[in-house]
Amino acid sequence: MKNGDLGIKTTTIEKALEWGSANSLWPLTMGLACCAIEMMATQAADLDIARFGSEIFRNSPRQSDLMIVAGTTTKRMAPRVKRVYEEMPYPKYVIAMGVCVIQGGPYVDGYSVVMGVDKVVPVDVYIPGCPPSPQALTYGIMTLQKKIKHETDR
Amino acid sequence: MYKIISESEDKNKIKIINIDKNDLIEFMEDYKSKGYYLSSITGVDMQDHLEVIYHIHNYDTHEYIEVKILTTDDKVPSLTKLWKAAKGDEREQYDLMGIIFEGHENLRRIVLPDEWVGHPLRKSYDLKKVQYINMDSEGKEHVSYNENEGW
Amino acid sequence: MAHYTELNIGPIHPAVHGILKFKVKLQEEIIEDVEITLGFLHRNAEKICELNYYADNMVYFDRMDYIDAMNMELGYLTAVEKLMDMEVPERAQWIRMIMAELNRLAARLVGLGAFGLDMGMLTPFFHCFIEREKIQKIFVEASGGRQEVNYMSIGGVYQDFNDQIINDIREFLKEFKPYLEDIYGMFMHSEIFWQRNDGIGILEPDVALDYGVTGPLLRGSGIAYDVRKDAPYLFYDKVNFNIPISHKKDNMGRFILKVEEMRQSIRIIEQSIDKIPDGPYFNNKAKKSMMLRLKGDGEVFSRVESENGEFGVYVRGNGTFKPWRVHVRSPAFKNISVVPVMAKGMMIADLIVIIGSVDTVIGEIDR
Amino acid sequence: MVATVKEIEIPKKPVPILGSLRTMGIVGKYMFKKPITTQYPEEKGEIPERFRYRIFLAPEACIGCTLCEQICPNHSIKMEKWDFKREDTEKLTIETAHGERTNLQNKRHIYPDVNFGTCTVCRQCEEICPTDAIYLTHEFENSRTRNSFTYSPEELTKQEQDVIK
Amino acid sequence: MNLLTRIHEWFSFLGNPASYAIGYLLETLFIIMFVGISFIALIYIFRKYMARIQRRIGPNRVGKFGLLQLIADALKLIGKESILPEGRDDLAYKIAPLIIMIATLVSFIILPFGDLTYFGSLTITHSKITLILLFGILSILPIGEILGGMSTRSNYALIGTMRAVAKDVSFEVPMLISALAIVMISSRSFVTGNAIVGGFNLSTIVTDQIIPYGIIEPVGLIVFFISMIARASYTPYDLAESDSELITGYTTEYSGMRFGLFYIGLFGMIYLGSFFISILYLAGSNGPVTTDLGFIYLFIKTDILVLIAFLIWVSLPRIRIDKFVNLGWKYLLPLSVINLVYAGFFILYIR
C-alpha cells in the first residue's frame, strides 16, 4: 500500500478518540424511577463507578455522553426522554437499565408504559434486572466500553 | 339534616356510614366542625353504579370513618370548599375513574394528558385500545390511537 | 405590569428527586407562584392490581415508594390479610417489624443524602449510601432482593431469619449509631446549613391538616400523629419508642426530627430483635401451593406509617381470586401539594431545599 | 400505649466559620480511613447465598404443572414444548420443601420459557414450584447489546456464557 | 540570574536580539506548559482526594492508578460534537470560553514564581505594577462568564449569569481593599523601616516578606481567602453554576471542548487564587533554609491552600444568593476596611 499511511493515521486517531470516549463516559443524572436509586448506589462508595472514569454525573445533557435510562419510561415521559437524547452531543450512548425500559417489565399489562425505551431512543446496552444490582450496572457499563472499542458483540 | 342510611364496619373495624349523595356536603360540614379531616377519596366502579368512598379522620380522638355514597350519573358534589386536600384527590379520581365532582374549580386530568380518552380504572375501559402520546415543540401533549404518532 | 421569568424545574432535574415538573414564576429570584405537574411516572399500578392474583400484587407495591419497599408491602399485606381473615404467626410479625424499621432507616438515609446534594454538600451522600448498603446486604441475606425485596407474603414472610441475619443486624446497629451522629454532625455544625434551613419552608399546622399532610411534615408542624402510635399494627404497642415532634415548623425542625426518628427506629429494632420468638414464620393456610387460591371478600382500609407518612390501602374483594379494587392513599401525593404554599415568597434556592425537605418519592405519587 | 410523644430539642446555632471548620474536620477525618470500595470486576465482593438474579431450570424435576406461568405477575413465563429426553428420571428422587418426591413426569413435555426482558426477579415462581425445578441464581452478568432476552427451556439450563444471543 | 538570561546564554551564539526573543518565547511556553501539567495533576489529585474523603478509590482503571484518566477526558471532549444552540449570539457564544481560558492562562505569566536552583528566578513579567496587572486580568474573567451566559438565551444560564455578576461585583471590592493593605505594609521596608518603591510589584512584596503578612494581618488573609473561593465559584459560593438549582448555570448550553475550557477555568481560578494568596500573605517563595528552592516552597504553600479549598468544596453546603451578597457587602467589606486602617497604624508603629 503506497498511500496507506494516511489511513493508518486516521485509524489511530479514531482509536485514540474511541479510547477516550470509552474511558470517560460522563452519565447524565436521569433517574426516572426505582433504578435511579441503584444508579446512585453505583455512584456511591461501595461500587465506585468513578474507577471507570464515569465519576462526573453531569446535570446538563449538553455535557454528558451516556444516558442511563434508569426506570420506567411512561408514555408521557417518552417524548421528553427523546428530547433530552436529542440535546446530547455526539458521540452519545444509551443504557437501558432495568426490565421496565427493556420490554415494559412488570407493567406490560398497563396502558401508560412504553414497552421498551428502544422504541424511543436507540439503545446500546440492555441490563436486565428489576432493579439491576450495582454490579450488574457496572458490568453493563463495561460492556458498553467494550462495544465502543469494538471488542465485543454480545 | 342529613340522614344516615345504614352503618356497618369494615374488616379493619372502621365504621362505614352510608349516606345519600345529596346529604354529603351537609354531613361533611357537620363532621368538619367536629374536628375531622379528609384523608382519602376512593372511587369504586360497581358496573351499574359508582361508589365514592371518603375516609375522614379525627386527629384528636384517633377515629377513622368511612363515608360511602352511591351515584348512578357519575356526579357527586365537590368537597374542595371544606378541605383543600380534596383538590388533588378529586382530580385524581376524575382522571382515573371519571367521577365528576360538581363545584370543583379546576377539574382537569392530573396524571394523564388532557386529551386522553376514557377513564382507565373503569371496568369497561378497553386495555386493548392502546393510546399513544406525543409532544410538540411547545410542550403540549397530543394523544392518538395511531402507533406511528407517538409512544 | 411586573416582569416574570418562567422557569421549568423538571421533569428531569437533579433537584426534584425523580420526575416531576415545577413551573415556577419568578420575579428576579423571588418565587411568585409554583405549579406542579404530575403524572410522568404514572404506571397504572392500581389497574394492574385488579387484573392479578392477590399474591402477585406485591411486586407493584414494592415499586410504589421504591426506597421504602418493606413498608409498602406491609401496607398491602395488612389490608389483604384482614380481608382474608388470615392470622400471621408471631415470629413473622416481629420479623416484619424489624424489616420495616430497617427499611425506614434505609429510606431516610437516601433522603438525607439527597438533601445534602440539594444544597451542594457532596460528602454526606456517600456516607449515607455506605450505611444503606449495609442494610441492603441484610435484605439480600434475608430475602434475596436488594431494593425491591418482595420479602413479605400473605400469611408471613417468604424466608426465615437465621442466626447470621440477626448477628448482622446487631453488628450493623452497633456501627451505625456513631456513624449516624457523624453524618448528623456534618450537617448540623455548618452554619450555612442553618442559614439555608432555619425559618425556611414554614408550614402552619392548620394548613398542614387542611391539605391532609402526614408524616414528618405534619409532626414537624407540631401535631403528634403517627400511625404506629395512633392505631398500632404489628407489635408497635409492645416496644418503647418516642414520637418526636417539633414546634419549629420549618425545614430545620423537620431535619432534626427525621434524624431523631432514625434513632427511634434503631431503638425499636434493638428491642424487637431480642423478642423474636421461635415458631413458624408462615401461616400454613397460605402455604406456597395455595398462593393462587387465596380469596378475599368484603372491603378493608388499612394504614401503616411509611417513610413519608400515612400510607393507606383500600382493598375491595368480591369473593374471587382477584381484587375488585385497590386504592392507595399516597402520603407523598398530599405532601407535595403543600410545596406551593411553603415556597411562596421564598427564593429559588429555597424551593430546592423545601422539595428536598418534603422528600418526595414520585413512584408513590403517580403510582 | 408505649409510644410517647416527645418534643425534639433544637441545638444551639453554630458559631460562624468555627462551625464550618468543625464540619470540615468531621468530613476530613474520613480521609485517613480506608476506602471501602469493592474493585468489582476482579473481586465480586461477598454475595449472600440468597441473592437472586437469573432464573435457571432443572429439567429433570419439571413436571409441567404451569403453576409458574400462572403466578408470574407480568406473564414473563410461557410454557413451551421441548423434547427433553428424560432418561430414568421417572425413578429420580427429588427433595422438595414438601418432602421427597419420586416418579416425576412431564407428560405434556412442556417447560417454562422465561422472558428475562420482563422478569422482575420477584421469586414467586421459585416459591410456588412444587418440585423446585425452577430456581434463581446469583448470575447477574447478563447485559446485552441486543434486546433479546427470551430464554428457551434449553437455554435456561445453561450457564450465562454458554447462552450466546 | 533569571530564567531569561539563562536561556539567553544557551542561545547566545545566535546573537542578542534573536536569543532574547527565543528566551522570552521559551520562558512563556515553559510556564504555560508547567501550568497545563499542574492543571492535569490538580484535577487528578482533586478526584483522588475527593474519593478518599468519601471513602472511595477514584479513577484507577485508565493507565496505572488512573493517571491517564485526564487524557482520556481531554480526548473525549475534543472528539465530542460541539452543539451550537439555536438563537445564540454567535460571536459571544464562541468567544466566551476562550476569554476565560486565556485570562486564566495569562494571569499565571504575571506571577513571580521565585527561584529555582540553576535556572535562577522564574519570574517572567518584570513590571513595577504586576499587582494592578493581575487585578486587571482577573476582571476580564467575569466578561467571559457574562458573555457565555447571556449569549445562549437559556433561563438557567441567565439566572446563573446574574448570580455570577453579583458574585464578581460584591467580592472584587473586599479583595482589592485587602490587597491595598498589603501594598501599604509592603511599601515600607521591614528591615530598614524606610519607604521603598514598588509596593505594587509582586516580586518586591515577596522579597520583603520576612514575616508572612498573613501573620501580621490575619483578618486580611481570611477576607482574601473567602473572596478568592467566591471568585473561583467554589462551594459554598458556587451559586453561578449551582448543580442542583440551575443545572450548571452559565455553562448549561455548552458542550464538547468549549465546556472543557470552562472546566479548566474553574480549576485554574482556584490554582491562581492559591498562588496569589501564598504570594501576598504566606511569604511566597521565601522559605526557611535556602532561597534557591523558592519555587518549591511556593508550590507547596499553594498546594496546601488548594487542598483546603477542595476540602471546603466537598464538605460545605451552598450559601443562598442574598446571604452571599450580604456577606460580601456587610461583613467582608467593613472587615477589609478595618484591616486597611489597621495596616496604616501598623506602618506608623514600625517606623
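The letters A, B, C, D and E name the chains in turn, as written, and every chain counts its residues from 1.
One rule holds for everything that comes next: a residue touches a chain if its C-beta (ideal position, glycine included) is under 8 Å from a C-beta of that chain, and two chains touch if they have at least 3 such contacts.
This structure is a prediction, so every number in the text was calculated from the model and none was measured.
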Count of contact steps on the shortest path from chain C to chain D: 1
Required steps from chain B to chain E (each step between touching chains, minimum): 2
Highest-count interface - the chain pair sharing the most C-beta contacts: C-D
Centroid distance [mean C-alpha coordinates] between chain E and chain A, Å: 36
Rounded Å distance between chain B and chain D, as computed from the means of their C-alpha atoms: 38
Averaged-CA centre spacing for the pair chain D and chain A, given as whole angstrom: 23
Whole-Å gap between the CA centroids of chain A and chain C: 29
Shared-contact residues (touching 2 or more other chains) in chain B: 112-113, 120, 125, 127
Residues of chain A engaged with two or more neighbouring chains: 44-46, 48, 51, 59, 76, 80, 106-107, 109-112, 130, 133
Multi-chain contact residues (two or more partners), chain D: 17, 20, 23, 26-27, 30, 35-37, 39, 73-74, 120-122
Contact pairs between chains, per stated definition: A-B, A-C, A-D, A-E, B-C, C-D, C-E, D-E
List of chain A residues in touch with chain E within their complex: 16-17, 19-21, 23-24, 44-45, 48, 50-53, 55, 58-60, 62-63, 65, 87, 89-91
Touching residues on chain C, where the partner in the complex is chain A: 11-14, 18-19, 39-45, 47-48, 51, 59-60, 63, 66-67, 110, 113, 125-127, 129-130, 132-133, 136, 146-148, 362-363
Contacting residues of chain C [partner chain B, same complex]: 38-39, 42, 44, 46-47, 50, 79, 82-83, 85, 209-212, 223, 225, 230-231, 298-303, 310, 312, 314, 316, 324-325, 327, 329, 333-334, 337, 366
Chain B residues touching chain A - in the complex, by the definition given at the top: 112-113, 120, 125, 127, 130-135, 141, 150-151
Chain E contact footprint on chain C (complex, rising order): 5-8, 13-15, 26, 29, 116-123, 126-127, 130, 186, 190, 192-193, 195-196, 347-350, 352
